[in-house]
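The two complexes that follow have chain A in common; it is paired with chain B in the first and with chain C in the second.
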Partner chain A sequence: MKYLNKLTISSVFFTLLISVPALILFTNIFIGGENWSHLVDTVLFEYIFNSLYIMFGVAILTAVLGFSTAYLTSLYTFTGSSFFHYALILPFAIPTYIVAYIYGGMFDITGSVTTFILNLLGKDLSEVYFLDIMSIEGAIIVMSLVLYPYVYLICKTYLRAESSSIIDASKTMGFSNFQILYKVVIPISRPAIVAGVILAVMEAVADFGVMDYYGVSTFVTGIFRTWFGMGSVEDASKLASMLMLFIFILIFCERYQRRNKRYKSSGKDFKPISKQKLTGFKSFLAFFACFIPFFFGFLLPFSQMSIWFYRSYEEVIDEDFLTVLYQTLSLGVFSAIFITVLAFVITYNVRLHKSKLADNLTQISKLGYSIPGAVVAVGILSFFSIIDRSFDILLSGTIVAVIFGYTVRFVAISINNFESGFSKIPQSYDDATKTMGIGTFQTFYKVMLPLIKNSALASFIVIFIEVIKELPLTMILRPFNYDTLAVLSHELVGQAQVIESSVPAMFIVLLGIVSVLILVKKMIKD
Partner chain B sequence: MLKKLALGTLVFASSLLASNEVNIYSHRHYDTDKQLFKMFEEKTGVKVNVVKAKASALIKRLESEGKNSPADVLITVDAGRLFQATQKDLLQSIDSDYLNKNIPAQFKDKDNKWFALTKRSRVAVYKIGSGVEKELSTYEGLADPKFKGKIMVRSSNNIYNQSLMAAMIAHHGEEKALEWAKGVVANMAKSPKGNDRYQVKAVANGIGEIAIANTYYIGKMVDNKEVAQAEAVKKVKIFFPKFENGGTHINVSGAGVTKYSPNKENAIKFVEFLASPEAQELFAKGNFEYPVLKGVQASKLVSSWGTFEDDNISISTLGENNAKAVKIFDQAGWR
Partner chain C sequence: MIGISVDNLTVSFGETKILENISFNVEAGEIVTILGPSGCGKSTILRSIASLHNDYKGKIFLNETCLVNDSSQKCNTDIGYIFQDYALFPHLNVKENIEFALYRLKQDEKQRRVDALLKQFDLTEHRHKQIHELSGGQQQRVSIARVLAYEPKVLLLDEPFSNLDTILRNKTKVWLKKMIKDLGLSAILVTHDQKEALSMSDKIAIINNKKLEQFGTAQELFENPKSYYVANFLNRINKLPKELALDLGLSVGEKDLAVISIDKIIVTSSTSNIQGDILDISYCGDYYELHVSLPKYNNVELTVKTDCIDCLSDYEKCYLDISLSNIKVVREKI
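Coming up: the complex of A and B.
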């Protein structure tokens, strides 16, 4: 019993600690700075409208792309299905700003593809229907292409763990494949889809780089405009806290709704789904459905990057570069392990003790993900300045600060992974082990760990990739003379050396690919 | 990793103890700066440590670190942030004969809390052969309806646009500045997006006729490895507009010594070094910026664009007007 209390206390403590920066920012919602009425009179409603539009667009697109591909590759085999099994996660490894820039260069008003097609048609821009990629719709498309793997990955782990019996049962009842999809798979996958979509939406709404480059005014571009341009951290934080409040409401609505509709697994057998073989036209269709997101989310930008890489790697790779590579790698691995373990402790505690308080705190700790890294950094700096002054130490500018920053920012991903993983494990397992008098630790080690392993692996991959891609927070909180690949790439872009910037970016992508391959392979074997 | 962590802490701790060094918070992130830091290290034996991030973020970090801050020097790429830093009392006055003598009053803080190091001018770029250059004259003139559908300019989130507007306010007051902004918005060929280079590329490809851009970006487009950029810049030329009662708008990159600088002596030495002829030359050659020190020439390429007269507005006024500028953009609907 003592052990349980320790678990609860420490998990609640960590949850609170992670939530502090967001809560500090949140206090600003009650304090309006001097520019607030100006914002309300001029731009606030545009920020709100655009942010909602982006959230809505990204939610729909990522749900469709992520779920359909997860469904196809989990239930069927078809031409290329085992390739897509891995390949569909890859877009996630490419930094969004790179994709946005490459797509601008190809599809905007003067883009290479645009001009090529116009020349082919012998027409002028004004004579054809043309969607400029550098627009709010373009931003939605670009974000969705890079973010759908969230939905894919979570749905995939979810469907894999799904008992095949329910699908077999529907088959016996004479359901067609479409009926099974519509009446069974979609309803039972709902928690996974929503968990993935919420992550994608939170990330999209927190983006600055793409929106700024594409000329879209959102809450987040507004936050930076207010902070940098008007010099008003207070009003910027107030905007950030409004955004947080909105996301918070969203998270709770989703949970409230799910509570009533949760699919209860009988958990009698965990036989993996036996895949059905598709042939002919159906196989082609499935191939096509998977190829589109893979092509636009990964292959196309990756090809462009490869060409750029080939043209500039000799200049960029030197001894300093290797140091940066090593630093990025170790920072990524360590942060990913740390955050995954922490998220496990937090979610496992909620499950073990069914504590409402702990559960609600867990939801608060997710907020960091919906606010841009630079704003999280502001919250952390404010928090640290209190600690620094009380204890006369200096936390900002240490690795500890950076990792704490990642935790605040990314722990939501890991928690969502575990929550959706745990929701698959029937409560009866816990009860059974309790009746059998098996201790908490043994229950954890022998029962929970094997069942939750895939969620942990998924969490590790995603956090690792997120951390090596992370930019603003790293820049603000890092120690002296400490660069990462993302920082290096960003600096080269800032010097108009876009071609050269592909070299560090390429290493980010390669690290992402390697980790995805290693870990997904493991997931399949088990 | 734990080892690494311990090592990191150790390095950090030792960096606090060691005195022969100088700690820089910088918004500049150019290769030339790396070379400059190396030059300084070789010359003085003082180790240069750097954290690079956006100036506003570094200001926030300085603010929250307070007296414990290890930073000695803050470097920004615009006057506005230096002004913000002085407003928040994060910089200290320094007494340097060299800087006093060599940096003109227009390019430094009145209490010597910061000094400009390089200049960049914001200019009009037009397509060769379009003939539009005959109609170009002043910044004010860009709001003239004759340019309807011809102007390409980036979002007002960008500091360079904010500075231009701050100068407009200084010249004509807020009301006229708002009118001007509305006029420019009405003349835009496309809603604002992309960076300065994007605008130049668009104009080179026949979208709009006038791009507003900073000079050093043009320099960076020349011989750029990205073919589309290198090709685009060949098709355009620079025109230096003026204010009706002033010169060509310039912004600066500059540096100041922090209030709680633990290595103040080195910090002053460092800022003096950045204003020295050899450093100024590197700024000019490596990054296509205009040196602030008299007697140092701009690079060949930059000189080939022609000469211009600096606007007479004091650089610190740009900082003072920055917030107003952003609000006017909001009111004018300049995204």
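Coming up: the complex of A and C.
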């Protein structure tokens, strides 16, 4: 019984600890630094406008790309439809900032594709219409191409859970496919579309890499500029807390719209939607509609990156690069183990004790995932500076701060994994072992561990990949001269070495593909 | 052998009271069924006895020993619990599931006990199979074997037949009852199925509206129900109008009801009996059900079970013979 209490106490302690940075940031919303009025006069409204513009643009584009592809692959079979079923998720494998670097290198004024086309046409830039990719519109397009799988995945899961009877009923009423689409499928999918769009929008608003490289001023780039350019910690914190509030409002809106909006299939005899076969021109159109987002979201950037990697790997991979690779991998492995164990302790404690307090604390600790990396980093620095001063130690700028940052940001993924895993283990298993007089440790070791190990493994891998991809949090919290692949890629781009940046990017993307494959495998299994 | 005594058991979930002052005894070697509608708290009684639910008021005794009402207390292994979903561990095979609770025993003793159970439950050839490879009936046998492996004195069975089809359910009921009696166990069975309760039990406890409505032998409850709820739960009955009972010479009190089983009303051709208008005739295989209204008694509607309808002069009218000896007077509410 003693260690059970320890389990509860340590679980509550860690849950509180990882909620502290967010709580500190909330208090910062009322405190401004000396440059705050200057920020309000000059750039704050630009941050707000740009963030809203990006949100709007990304929302429209991801909704169109994500829903149309989910609709086509869920309701029809056509040439390549089973390939697209999984291929459309692949853009998730490439971090947005890497796609942005690649598209920058291809489509900006001096980009390889721009130059090639102009040479082909025999014209110069002033003679043709040209959308500069290094703009807010370019950022919206790039972000949408990488983030539409949020909408695709949620809509697809949603449509898979729908009964074919609703489509069949519409058909018996004489509706055409197009009428069924806008009269039935879109209305019933609305909660799924909105849920996916909000995830994509949150990711876009929280982005640093794309906006920084494309020179778009948003809240996140503002936090960096205020912190590093103006040296104003208080103002950066206030910006961070405003952004966090903004994100929480978005989450609230999502939850509010989801309330009472889950249209469940009625009837016990559930039969999934049977797919209709498309042939000829319709099949080609469906193929084309799915190929476009796959091509621009994955195939094109990945191909270009592969070419650049081939051209530059000998030059980039040296002893320093291997050190960065080792640092990244060891940081990823250690953080993934730590976060997975912590999430297990938290969720197992909730399962064992069914305490409302523990459950609520767990929900609070999950909010970290929705807070942008840069904001988490600012919260942690504020928190650690208090600890540093109070105990006369140095935690800020150490590897502890980085791992703590990853924990705050990613523990929610691991908790979700374990919650889903535990939900599949009936409570009667715990009860059965109790009635047999078997203790908690034996139950854990002989029943829970074998049954939950797949969730733990999935959690480890996903966290490992997330840590390797993470950019802004690592940049702010890392110790001096401690680089990761993501930071190195960003720094090379900053030094106009876009081609060379493809080498660390390639490692990140290959690991990202592993993560997507795991996601796909889990989807099939579920 | 162990008997169980439940004394004034009261359980609340938050503000909501779900069981109130439940008291009954299970004599050593008896099978008692707790019967009631879904969600009435039947399983909570079992969980309280097994110490899986500890937030209750009242006392539970195993023979003379009062169970400690404390969540830190380990469950008493004199009590074996068969779960509705069997709670078999999917990562273990049949043999490993059965020997799961025997980790304290020496290997040879463990082996001996498991082999005996596998043989007893006709599972020897399935010993290495995974749980998902077994049929529902086999899974149930494994779950019972697993519990019997640690030799409990009392069995608690939570809706043990709910996952079985009708044929297997009937077969398993006979087998399980014989096994419990042969092993000299005391058992408490929870079900919402009246037929299951009547055929399995020495005694039945009927729960209604948080309280124990009636407790007694199956025959007592069936033949002398105290309340309308018990009568209606165990049998298909008709409420008779008080005027009709009075015409037959039976005075029914204000808080009482006169009831009669649907198969105790005889359909006759004799016009001296009570006339009824036939609203509907349903063919039910080996009998018919007539839905009849009585014009003399404010068109009150009755259901009547009859073997043949040949005695009907037409399919619009019939005459019902209601004998006073078949009428029971029960309390409207307890």
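In this section, the second predicted complex is superposed on the first by the 289 of 526 C-alpha atoms of A that agree within 3 Å, B and C clash if a C-alpha of one lies under 4 Å from a C-alpha of the other, contacts with A are read in each partner's own complex, and residues count from 1 in each chain.
Here is the rule we use: a residue touches a chain if its C-beta (ideal position, glycine included) is under 8 Å from a C-beta of that chain, and two chains touch if they have at least 3 such contacts.
This structure is a prediction, so every number in the text was calculated from the model and none was measured.
J.: Taking the superposition as given, does A:P95 touch the first partner, chain B, the second, chain C, both, or neither?
T.: After superposing on A, A:P95 lies clear of both chain B and chain C.
J.: Return first, second, both or neither, reflecting whether A:G494 touches chain B, chain C, both chains, or no partner chain.
T.: So A:G494 only meets chain B here.
J.: May I ask you to name which of chain B and chain C touches more residues of chain A?
T.: More residues of chain A are touched by B.
J.: So, does A:P21 touch the first partner chain B, the second partner chain C, both, or neither?
T.: It touches nothing on chain B or chain C.
J.: Counting only touches as set out at the top, which of chain B and chain C does A:G332 meet: first, second, both, neither?
T.: Touch partners of A:G332: none, neither chain B nor chain C.
J.: In the superposed arrangement, does A:G379 touch chain B (first), chain C (second), both or neither?
T.: neither
J.: Both chain B and chain C touch chain A; at which residues?
T.: none
J.: With touch defined as at the start, can you tell me which chain A residues reach chain C in the complex?
T.: Contacts found on chain A: 1, 426, 428-429, 431-439, 442, 446-447, 450-451.
J.: Contact residues on chain C for chain A in the complex?
T.: For this pair, the touching residues of chain C are 47, 50-52, 72, 74-77, 79-81, 83-87, 89-91, 100-101, 103, 147, 150.
J.: Spell out the part of chain B that touches chain A in their complex, as residue ranges.
T.: That would be residues 1, 4-5, 8-9, 11-12, 15-16, 23, 29-31, 49-54, 56-58, 60-61, 63-66, 68-70, 80, 84, 87, 155-157, 159, 162, 190-195, 197-198, 201-202, 204-205, 207, 217, 220-221, 224-226, 228-229, 322-323, 325-327, 330-331, 335 of chain B.
J.: Quick check: in the complex, which residue numbers of chain A touch chain B?
T.: Where chain A meets chain B, its residues are 35, 38-39, 42-43, 104-105, 108-110, 112, 115, 125, 134-135, 212-217, 221, 224-233, 308, 311-312, 330, 333-334, 374, 377-378, 381-382, 384-385, 388-389, 392-394, 396-400, 472, 475-482, 487, 490-491, 494-500.
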